[in-house]
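For clarity, chains are labelled A, B, C, D, E and F in written order, and residue numbers in each chain start from 1.
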Amino acid sequence: MSQLIEYENTSDEVRAIYDDIRATRQTDLINNFWKALANHPPTLKRTWETVKEIMGGPGALDPLTRELIYIAVSVTNGCEYCIASHIAAARQKGMSEAVLGELLAIVALANTTNRLANGYQVPIDQHLKSTN
Amino acid sequence: MSQLIEYENTSDEVRAIYDDIRATRQTDLINNFWKALANHPPTLKRTWETVKEIMGGPGALDPLTRELIYIAVSVTNGCEYCIASHIAAARQKGMSEAVLGELLAIVALANTTNRLANGYQVPIDQHLKSTN
Amino acid sequence: MSQLIEYENTSDEVRAIYDDIRATRQTDLINNFWKALANHPPTLKRTWETVKEIMGGPGALDPLTRELIYIAVSVTNGCEYCIASHIAAARQKGMSEAVLGELLAIVALANTTNRLANGYQVPIDQHLKSTN
Amino acid sequence: MSQLIEYENTSDEVRAIYDDIRATRQTDLINNFWKALANHPPTLKRTWETVKEIMGGPGALDPLTRELIYIAVSVTNGCEYCIASHIAAARQKGMSEAVLGELLAIVALANTTNRLANGYQVPIDQHLKSTN
Amino acid sequence: MSQLIEYENTSDEVRAIYDDIRATRQTDLINNFWKALANHPPTLKRTWETVKEIMGGPGALDPLTRELIYIAVSVTNGCEYCIASHIAAARQKGMSEAVLGELLAIVALANTTNRLANGYQVPIDQHLKSTN
Amino acid sequence: MSQLIEYENTSDEVRAIYDDIRATRQTDLINNFWKALANHPPTLKRTWETVKEIMGGPGALDPLTRELIYIAVSVTNGCEYCIASHIAAARQKGMSEAVLGELLAIVALANTTNRLANGYQVPIDQHLKSTN
């Protein structure tokens, strides 16, 4: 386990990021994920800026859909921390139990068909090879 | 590579499923995936029924969002066939290049943060542990 | 792509292993896998000895069952080479299309339920925690 | 963590499935996995029916071999819950410590050779490409 | 397959990044990876800046060691493109066949022991739990 | 969970390996990993000999670099036990927090670009296909 860097013990550089996390998330709470990343400030800075831009910036996908995609990846990889934190985030953005159920059903299905395609060594159809 | 079972060479059981695929998809084309699964009719039947229900049945998520989730899983697993076929399916359902770009950015990000959470062995915050 | 080391161009050390592969497999054919590993003789030696012992040595599991387990892992990981070579090996040991179908159905199912267990963050039941 | 739906608090639809699980497994105990899936009844129903058919229905593979394949996938994916529950199930079906040892040795080996094939970018041999 | 955006057909924004790639890499050649990412300019920009900083910026690890770590991940995930491009990059930075052999031996070993730890459900030793 | 075989309760065969682990590691402590593997002595023997040779034997890569590669794989796979034990081992061999930070940044980056290459279905450049 890595040390968790608390707000009180940070450098100015890290504190500025913590302040931005707090302001953006509108809560004083800083998740352990960020407190662990603060062990390597360049990673903390880059990751936070990327998360802020991709998950919260302007775009065609609404914020809840973005979280659903995030959960799909985390469940496939089996990342316990990420599953817990992004299911919580998705619920805050309005995810119902029914939507979680549908999401996990699709994730489970895709993990199945991925292996059937692998196992039957299915060649890609010509009509699926065209570029965009 | 498995043999691909063409429509003309199928049993009645398989042909009925092929007919349903054609009717549901509104095209005579049957993808290689299904032609490979036809080597084991119970798998063909179960997989088609599940795909039809989860990807096309009633639910809270719209059909394009379901495809995005499917792609997220397939990209994470690196299943070439599934990536090709579901990107094609998503485009048919209206996915723009911009949406594909946003989708892949989220998938890439989640794959990164999943490993940062693993590597820093981040303990799950108490407030993220509550049940639904 | 790595260079494939042909029998004629090997050192004595590698040639002895190639000879053992040929004798054990009862064929002059040496698969590309071994020809690639010959780029690093200690890896070739260790891998061949381990494969020979685990897949061909004495044990409670019959040779075909061992191949089925091997395929299950390779399909889950999406290793194209390994899927192709071990499906071929399993067919040589008597695997029918029906058995391949059942095998892939189980692999597909396990990949699905693995993600459902992840996604629903299912706590391990007390009665499943006991040691052997 | 998802809420675990206890027998007493279920709908008729879920209770019928719980009853079938109890009858099939010949025990009153219902594992947490099913209690979590009950949050989304269509997933509970589909998953149970598929598990029942694939793991318990007629087929060429005996029940213990099916469990071994299941464990191979779960260990490869690192799904803690599934490893614990299917090792327990396999022991109930007669898996000895020696068989578990052989199984894990094959799983470990395949995970190694999968990466050697990837890393050396081994091209598939012509004679391994033929269809069934 | 995504369209590959050639230098001649880019926007000013993308061209500036292509110019920086060329200058940094000291070659006119732009890999397909970047030409594909140019379909979504924010992803191209973010990914290039991150690669430039992490793989080429100042730090404690020398450039070749960084490539070895990159290859270890790509081989584990089975990403063909990444394996090909980073093995090429590592060779340019002086990787010998012997070092590639040692690298792949470690990657293969770790993929094996990861599954043995999973399969035997090994509890983490108390003395390994302490923080940094 | 598997039973952990303590030194006092082992067969002569296992004890000899435990003794070699103790002598090589210069500590009486035997990690749970080895105590679990002792349930299947051939696996214990083969794994220990391979670890000893690959991680500790002569070679071009220094011991710390070997550990970094090991951690990269374990973090990518999400193997908790392996992450904990090899981060501890790397610290014993002199890994600073800064190096851990750089390592995890590369691992996170590679996991991202692996998926971008998958998702954009990037074809391998001709100049990257040449053999060594």
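Everything below uses one rule, namely that a residue touches a chain if its C-beta (ideal position, glycine included) is under 8 Å from a C-beta of that chain, and two chains touch if they have at least 3 such contacts.
Treat the numbers as computed from the prediction; the structure is a model and nothing was measured.
*Asks:* What chains do chain C and chain F have as common neighbours?
*Replies:* Both-contact set = A, B, D, E.
*Asks:* Please indicate which chain is farthest from chain E, where distance is taken between mean Cα coordinates of the chains.
*Replies:* D
*Asks:* Could you tell me the distance, in whole angstrom, between the mean C-alpha positions of chain C and chain E?
*Replies:* 27
*Asks:* Report the inter-chain centroid distance for chain A and chain B in whole angstrom, where each centroid is the mean of the CA atoms.
*Replies:* About 20 Å separates the centre of chain A from that of chain B.
*Asks:* Got the chain B residues that touch at least 2 other chains?
*Replies:* Residues 1-2, 39, 42-43, 46-47, 50, 76-80, 84, 97-98, 100, 102-105, 107-109, 111-114, 116, 118, 120-121, 129, 132 of chain B touch two or more partner chains.
*Asks:* Per the contact definition, I'd like the list of chain C residues that touch chain E in the complex.
*Replies:* Within the complex, chain C contacts chain E at residues 1, 39-40, 42-43, 46-47, 77-79.
*Asks:* Can you tell me which positions in chain C touch chain D when the two form their complex?
*Replies:* Those in contact with chain D are residues 1-2, 4, 29, 31-33, 36-37, 39, 43, 47, 50-51, 54-55, 59-61, 65-66, 68-70, 72-74, 76-77, 79-82, 84-85, 88, 91, 96-100, 102-103, 105-107, 109-114, 116-118, 120-125, 127-129, 132.
*Asks:* Quick one: in the complex, what on chain D touches chain F?
*Replies:* Touch list, chain D to chain F: 78, 84, 97-98, 100-102, 104-105, 108.
*Asks:* Chain C touches which residues of chain A in the complex?
*Replies:* Residue positions touching the partner: 71, 75-76, 78, 80, 83-84, 87, 100, 103-104, 107-109, 111-116, 118-121.
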